[in-house]
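Please go over the structures that come below.
In the two assemblies presented below, chain A is common to both, partnered first by chain B and then by chain C.
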Partner chain A sequence: MIAPLRIAVLPMRPVAAALGSRMLRFNSTVAQANSLNPSAAPFKFSDSVTVRYTREHEWLASHPDGTAFVGITKYAADALGDATFVEVPEVGDSVQVGDSIGSVESVKSASEIYTPVDGEILEANDELTSNPALINSDPLGEGWIAKLKVTDSDQLLDAELFDIDAYVKFLQEES
Partner chain B sequence: MSCSKFPPKFPLKLHHYIFRGTRPYLEGNLIQEFFVNRQLEQKKINNSLKTSQKDKIDFTQLSHIDPVALSFQFEPTYTGGKREKFAQRSSKYRDLQTEGIQFCQTSRGGQITYHGPGQLVVYPIINLLDFQKLTSKCYVSMLERSVILAIGNSHLKGETTENTGVWCNGQKISSIGVNIRRSITSHGLSINNTTDLSYVNDEQLVMCGLPGTRQTSISTELQKLNMSEVVPSIDHLAADIVGQLAENLEIDSIITHIIESPITSEEECLSLLN
Partner chain C sequence: MFKRYSTKRLVRYISSRTGIASDPFQNASKRSIQETLETDPNLEGFLVNDTSSQTQNAEQENDPFDFSDLPQLRNIPSFMENLEPGQIYSKDQLPLPSKDQPPESKIPNNNDIELTSQSETQLQELIRDYIDYELFQEFLTFMHYGDYYTHPKPTMSLTEFLKSSTPVVVFSKFTNPYINLALEMFIYDTMPLPHQRLLFYKNNSCIVIGKNQNPYKEINLNYANTTQTPILRRYSGGGTVVHDQGNLNFSFMSTKKDFHRTAFTSNIISRVNELIFKEHPMGFTVNVDKIEWDSKFVGLPKFRLSTNGKGDIVSEKDSYKISGSAFKLSKGKSLHHGTLLMNSDLKELGKLLRVSEARQKSIHFTGTESIRSKVKNLGIDPDLFMFESLKAFIEMHGHESHAIQLPNAFESDGKYCRTIVVDDLDHLPQSVWDYYNELKSWDWNFGRTPKFQHTISHHDFECILHVNKGMVTSFDLNILNETSSDFIHQAFSSLLTAIEKEPMKYQGRILSKYIQDQVISDWLKWEVDFGIAYENVGCETTSGK
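Presenting the complex of A and B:
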């Protein structure tokens, strides 16, 4: 009775190992898809960019001088589908954590975008008004939504903001 | 992406509130905001619990609010979506305004639409994250599917096109416009039952950003089939649609609340929960 059991256990090992590596590959693909496009403004603005993510699938790219860019992740852009309209914020507006700074509309559903930090809107990406498809093609680059001046840099350390690894882990739990 | 199955992650009941009579659009909006805020507040509590528990989340500590579906008939009102503000609209709207027709700007997707007596409006307020793989895109197509099944019960064949909504014999019978705040849905769908279509089939008024599109209603379509006697009551149609919604969302239990009295304050909204 014991021998057949051992035989049954042995083939499990390679399967489990394969599953593990597939999971790793999945993680790195997801991480890559949700990383900043290195050739667009949110990344290139300074030599040192810090990227954080929210539970609502926004990203925040902050720079040493207190300037930050906000947009939505690849995961969010895919879930929304083809954007037909993007609402961007008013330049000069003061916004607080959790305020809506715009929305993305696709198939008649408008999803609100929230700012992860307090700040003042320095610039809105007007390109999105004429070309909403940028949100789908390059959400972490040319499809940025707002550029703002962060008023309280301590908020960048908020435990509710994820780094890329934590965001990928969160995506796995959430779906 | 498959949009056919999105079972709830835990057992949920669907509360269907039928608001009887014809109500001001703003009353509907007040009620809708009340239910959205309940969901948002619970979500905030759950998120801070999740953050404080870091790696080991005790899911039993998280509470969930049951989804609701609000069904209404509104007084004649034109509403604008995010993409279309009324400011620069045709003078026709100004004429209508002087006739006492209401205009409201909303946060839903889509453009201008009309609500009025004889038209059923259903606003489902749900947390998309309470269901597996329910994206906003799947949610909208689920609403379309529910409408098609419900009007099928009234012997009509509904169809989808590249434009959102449901069509019957080439004319629009149901419009859809949704807003999503932190994965909580609001607004929803309208379906013409016995709507006075002169409010929507006017060449000077472009509905939903689709010039030349004509709307129809269940009663108009049944008349063509000489079946006027089977036009459903609004309550019946509401129960049908919400039944289909529940089925699509794999929710077994629907609790129906019939509300006769007007709801004009937050306090009266709270009384809906009893």
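Presenting the complex of A and C:
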């Protein structure tokens, strides 16, 4: 009984408002898809996690003690397609902003992954080496790539790093 | 010894070629075909009942090298006459690929004879229409006689040229695979965004594996060692390919944003497909593979092409692979390269990549594995392919502005793009040599192999070698027959202690040195990597350990 009513009402709403709400819904789906999986290590590591995104579609989940997780976004994982191999960094390596910390191979393309901050690699997700599909199924959770010690916490405030809203907006402009 | 051809026979032959939709003879009656043939100026003196030339030919009957009774185009197209010797692009003047097909016998047999009733003008028009012959001649001069004659020498260095904010097409004249792969990466690194680059190169025989592949599993190392075929690991993903002078490599670089697996190839494919005259709507029925101007000048594609979702170029009809594709994405840039089979030695290719099933099974590897595909040569002339690709590139990315006309601009349909032939080692900057050295190193080509386990079995025992980054990190020895247990333990003891102390390079020659028993030592050497000398496959091994 309710459904026909809704149909009758819809055309009467201003077009702009309808479009706006659709856009909002789109935004919230994209934002949700690109948010951390709350049941995986990058989120659970501490009580307060800050997530930032890069133009190269990496995410950085930083915790108060200076530990941060890096991975690729859902958008990037979808764009790459099924991963056949994930290269992870070497534990103990010191890396600087823009250094490659690994790569993903999918459908014959090798894509580099870069670190958004300076740091030292504390741990690499070795699970990815044997199960590369994780990066497609849970890129913002179990598919994290590296855990690092952030050496310069000021870099986390860099304007080049987006919060989720800015990242969603960036995605819209990109496409 | 010379056959004379009856008109009837030719009529039959031509009528049999009804596959071509617009065959000019298709709708004609037998009678009119016969008339057409008999009055065709190209066939004068060719037919049995043509008396005018019989007396003349009688005198020459004893000359085995006289083929004057074969049909020829009476009038040589004027564009061929006007060319000066130096300008003519003839296969004879160019260095032929070493593994080229043996020169085909020029004695045409019955089946080779193709006829045309088309006039010379039509032929000429066709060529002009479809190959853009004048521009092609200019391109050939540019490619083979140095760009200095027609284009001024660039006043800037190669690095500056490659840094210019315009689309650039680079033709590498080097045939050393290390230099070409290094140059490719250098061009990729120096390309400013958002611009495009297109590079062409041909390599001497070599094997190129994908970034995350395992050469021990992909390559017949023993054969590569024997034939001294270099093995290189490239920087893009994908599977293993064999290069030789019969294949042409293209490399298209663009922005990450514009990255598309088939965008570039589909444009080229549609152009190449247009070159198949046989299917041309004008009904040009001459078999272009055989007629004289073709064999002397340019080879045309043998069949129609298509693309698959993975970006490969395949034959349209039977999906044989003509070119694989591999991609690299980094920092806003994308690279798409492929190896186009023109006239490759496919037998050799098969031999180099044949790995026994037992060996493949014995290596447990989670990295990228090649998908073996049936391959076929396209037969197109590399120059013609490059020319068509260049035009496709200009059409897609060329600038209309005159500002980039110089230096070394190439124009097609009012659009310009810069082109350069790289043929001087002195012009290569240090960064190219840095890549070169990496590509030459064992640590990159073999040592960079993702983690794998190699299980090698003997009847009495089996060894499991855990290899990470080219180093044996641990070695499991499982005794299957207890009676020889002591002997085997003793034979392997030094090796086991050595590996425990420090990871060792995964090389048969190194590992086998630690085995006391000669027979087991030789067995291990062979099982690991056939005991090959890595210098033979082009690798520089710096340290012994």
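Following the convention adopted for this analysis, the second predicted complex is superposed on the first by the 162 of 175 C-alpha atoms of A that agree within 3 Å, B and C clash if a C-alpha of one lies under 4 Å from a C-alpha of the other, contacts with A are read in each partner's own complex, and residues count from 1 in each chain.
Keep in mind that, in the parts below, contacts are C-beta pairs under 8 Å (C-beta built on N, C-alpha and C of every residue); 3 or more make two chains touch, one makes a residue touch a chain.
The structure displayed is predicted, hence computed values, not measured ones.
A.B. asks: Clash or fit: what happens to chain B and chain C when chain A is overlaid?
C.D. replies: Aligned through their shared chain, the two binders clash on chain A.
A.B. asks: Quick check for you: in the superposed arrangement, does A:T129 touch first (chain B), second (chain C), both or neither?
C.D. replies: second
A.B. asks: Going by the contact rule set out at the top, does A:S46 touch chain B (first), chain C (second), both, or neither?
C.D. replies: A:S46 sits against neither chain B nor chain C.
A.B. asks: Check whether A:S103 is in contact with chain B, with chain C, with both or with neither, and answer first, second, both or neither.
C.D. replies: both
A.B. asks: For A:S111 in the superposed arrangement: first (chain B), second (chain C), both or neither?
C.D. replies: Both partners, chain B and chain C.
A.B. asks: Please indicate which partner A:E87 is in contact with in the superposed arrangement: first for chain B, second for chain C, both, or neither.
C.D. replies: Both: A:E87 reaches chain B and chain C.
A.B. asks: Based on the superposed arrangement, let me know which partner A:E56 touches: chain B (first), chain C (second), both, or neither?
C.D. replies: Touch status of A:E56: both partners.
A.B. asks: Considering only touches as defined above, state whether A:E160 meets chain B (first), chain C (second), both or neither.
C.D. replies: It touches chain B, and chain C stays clear.
A.B. asks: Please identify the positions on chain A that touch both chain B and chain C, taking each partner from its own complex.
C.D. replies: Touching chain B and chain C on chain A: residues 55-56, 85, 87, 100, 103, 105-112, 114, 174.
A.B. asks: Can you list the chain C residues touching chain A in their complex?
C.D. replies: Spelled out, the residues of chain C in touch with chain A are 210-212, 235-239, 257, 261, 310-311, 324-332, 366-368, 450-451.
A.B. asks: Over in the complex, which chain A residues touch chain B? Could you list them?
C.D. replies: 55-56, 79-81, 85, 87, 100, 103, 105-112, 114, 159-160, 173-175
A.B. asks: Help me check something: in the complex, which residues belonging to chain B touch chain A?
C.D. replies: 47-48, 51, 57, 81-83, 107-110, 129, 132-133, 135-137, 139-141, 164-165, 176-183
A.B. asks: What does chain A use to touch chain C in their complex?
C.D. replies: Result: residues 55-56, 84-85, 87, 98, 100, 103, 105-112, 114, 129-130, 132, 174 of chain A touch chain C.
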